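What follows is a group of structures, each given as structure tokens.
The two complexes that follow have subunit A in common; it is paired with subunit B in the first and with subunit C in the second.
== the complex of A and B ==
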């Protein structure tokens, strides 16, 4: 009887692709080129990272603005040993960083040895990965301003 | 508007429930909540549940739990991928429509098989934040430092909240973190996610709860002291952390105003505050004065069952009022990172 059982192949797949759109896509493409883009709001301020819609008024946004790769820490917390999925190899700080030319902060890592090296208001700059693919982790992390080429970390 | 009341409640929370599935531990709670008012599933005009397929790791996992209600012949039901407090909200809306007089609400979560503080990274922005896997404690740490450096809250104040939660939880059999600790002992703890200490973060729990709601005189028939939902409102802040004030919980403030929290005195508040910092922000946003006892159950700090901790706040407030330990209370639930979504209700005994 077992020979009479019908069988069929089952291929479990997730056959979806997404496009990131004109705003998020522009930001990610910028990262690949080593450039950070924000988007201008109707009141003239710049959101970075950029959103397609204004978080307060819901106005569609689209005017991309290049901001600097340097910025200021507005808050931080300490991450001890990296957790399994994190794209970082040793302890670091999480920080909200407002890039020069932007008016809102972005979340990323500041690569320093200990919480003693962190403070709100500290100036930081992006350390780019050598190989970039249009992904938020193209930013390897932020380092204290002036140390991007140093061996501090 | 129809008067809608909570008529019964049952809950279970433990640090982990390793040997039972969600369905297995929910069925006894469902029976308990229905038996308390002498109703069966077929007496329920509407049933609404809250849980997370994502947490269960299985699409449509909630369907198995609906089977646990005894839904034969077929029942009218719905599900929210949200804390059960939002299931209560949907049931409240359904009861307002007027075609049913009773509703059954339940929610549950079992996060112990995974690492919830990491899993919660997946609720963040999928392009800008989630790929970096910030854990939930570190994300709250960012809000905590803003709060501390703004000067409105001190580390001692946070330790006082943690110490009070532990003291209240000591007499709550459903709490997980029940060991009392003084403010100084808490301040002496090493940081877990600087500037947060272990006592600032929630004690994770598995569990769930079930509740029966009824309208008007039907509620009076079902229990000695219905606890009326006098007002309820929920609001959502922007998802992105960088575009909102993490020290203010604007959505909680608006929901509190819409629900009329400040319109009369309240005896106590059950706030779904996963962190000490969340509680400090919520007390301010809701305008609760020093006379309001906050989280007499110990709150979500003492037992945080993902997907149920908000509805359990309603249940804790119900039980306290039903037995006469207060007449008017605020019940609150939150969802999302750093108090992004907030639901506020005013409850009052018959």
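== the complex of A and C ==
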């Protein structure tokens, strides 16, 4: 075919805003204030991030409790080729992190320079953003425990 | 176990209690969750011919060889027969309003559309399907089913290989299409 193939950029975009409900709303309020909240289950364990309903019994949950900003990596994966819309331009680790005081892990990023700095069981702490609005990205990421003002990247 | 539909659903009315650290602050009630997907779109054979026609102010459709239906914009396939369509079938830039809607609320992502405006389902003469367009150069309240319209094109020096070359559809002044005929008029082909 003599004609060039036609192409055009196509952007599909929805500027959604969701209502949070009281449990997720409390969690996000905590992030804005620089604390992490979980929710207590009937058996006394703590879900973090919190859910409105117990995943086993379906009981409604509402007792928000504060957990620590330090925790333990339970699983991780190195992101060696960040894509345009991922939160960092440089390599980082996705990790499941169980915060101290919580019984379930949350997914977030660990900000270190190489996979050699990552290990299951490593201790990490939150690096907060200076300006927070009530969003999961108020946590910029996690860094090795004790390096919140230093190492990491 | 049968559920009494009048019973209070489990979970409603449970009080959410917060620790002291957020006891006296305004609660977050909303969160931004934007979604954005960036594609490079390749229109394919039939739509490419349509878009190239657009650059010359021509409307290039395609026909189903089995049912005779004429599709515009052409997607290259007959949705009812499940076979490729063939073209080109050139259509005039005149047709009628099959249905319409007047929008009175602004859309954040379309600041170019100033309410009230009328979007309509336009059936071109010779087409078997309609497509969406704006009805312009008239009061939205004057738009009606069956109203004859013609295309308003961009100036010649602004034409691109794009459907945006048609700025909208304005009343042609021809007599309205009879509403009772709308199911069949201008729609060649066996719709069964």
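Basically, the second predicted complex is superposed on the first by the 133 of 153 C-alpha atoms of A that agree within 3 Å, B and C clash if a C-alpha of one lies under 4 Å from a C-alpha of the other, contacts with A are read in each partner's own complex, and residues count from 1 in each chain.
Here is the rule we use: a residue touches a chain if its C-beta (ideal position, glycine included) is under 8 Å from a C-beta of that chain, and two chains touch if they have at least 3 such contacts.
Because the structure is a prediction, the values reported are computed rather than measured.
Student: Which partner chains sit in contact with A:100 here, subunit B, subunit C, both or neither? Use first/second/both/neither.
Tutor: Neither partner.
Student: What is the contact status of A:60 with respect to subunit B (first) and subunit C (second): first, second, both, or neither?
Tutor: Once the two structures are laid over each other on A, A:60 reaches subunit C alone.
Student: So, A:109: does it touch subunit B (first), subunit C (second), both, or neither?
Tutor: A:109 contacts subunit B only, not subunit C.
Student: For subunit A, which side has the bigger count of touched residues, subunit B or subunit C?
Tutor: If we count touched residues of subunit A for both partners, the winner is C.
Student: Go through the superposed model and pick first if A:20 touches only subunit B, second if only subunit C, both, or neither.
Tutor: both
Student: Looking at A:85 after the superposition, I want to know if it touches subunit B, subunit C, both of them or none. Which is it: first, second, both, neither?
Tutor: both
Student: Determine, under the contact definition given at the top, whether A:135 touches first (subunit B), second (subunit C), both, or neither.
Tutor: both
Student: Would you sort A:33 into first (subunit B), second (subunit C), both or neither based on which partner it touches?
Tutor: second
Student: On subunit A, which stretch or stretches are contacted by subunit B in one complex as well as by subunit C in the other?
Tutor: Of subunit A, residues 20, 24, 28, 84-85, 135 contact subunit B in one complex and subunit C in the other.
Student: Could you list, by residue number, the parts of subunit A that touch subunit B in their complex?
Tutor: Going by the criterion above, the answer is residues 20, 24, 27-28, 47, 49, 51, 55-56, 74-79, 83-87, 94-96, 104-109, 115, 120, 135-137.
Student: Would you pull the subunit B residues touching subunit A in the complex into a rising list?
Tutor: Touch list, subunit B to subunit A: 115, 118, 121, 127-129, 131-135, 137-146, 149, 191, 193-196, 238, 240-244, 246.
Student: Would you pull the subunit A residues touching subunit C in the complex into a rising list?
Tutor: Per the stated touch rule, the residues are 3, 5-20, 22-26, 28-30, 32-33, 35, 37, 52-53, 58-66, 84-85, 134-135.
Student: Which subunit C residues qualify as touching subunit A in the complex?
Tutor: 10-12, 14-19, 21-22, 25-43, 48, 51-52, 108-109, 161-162
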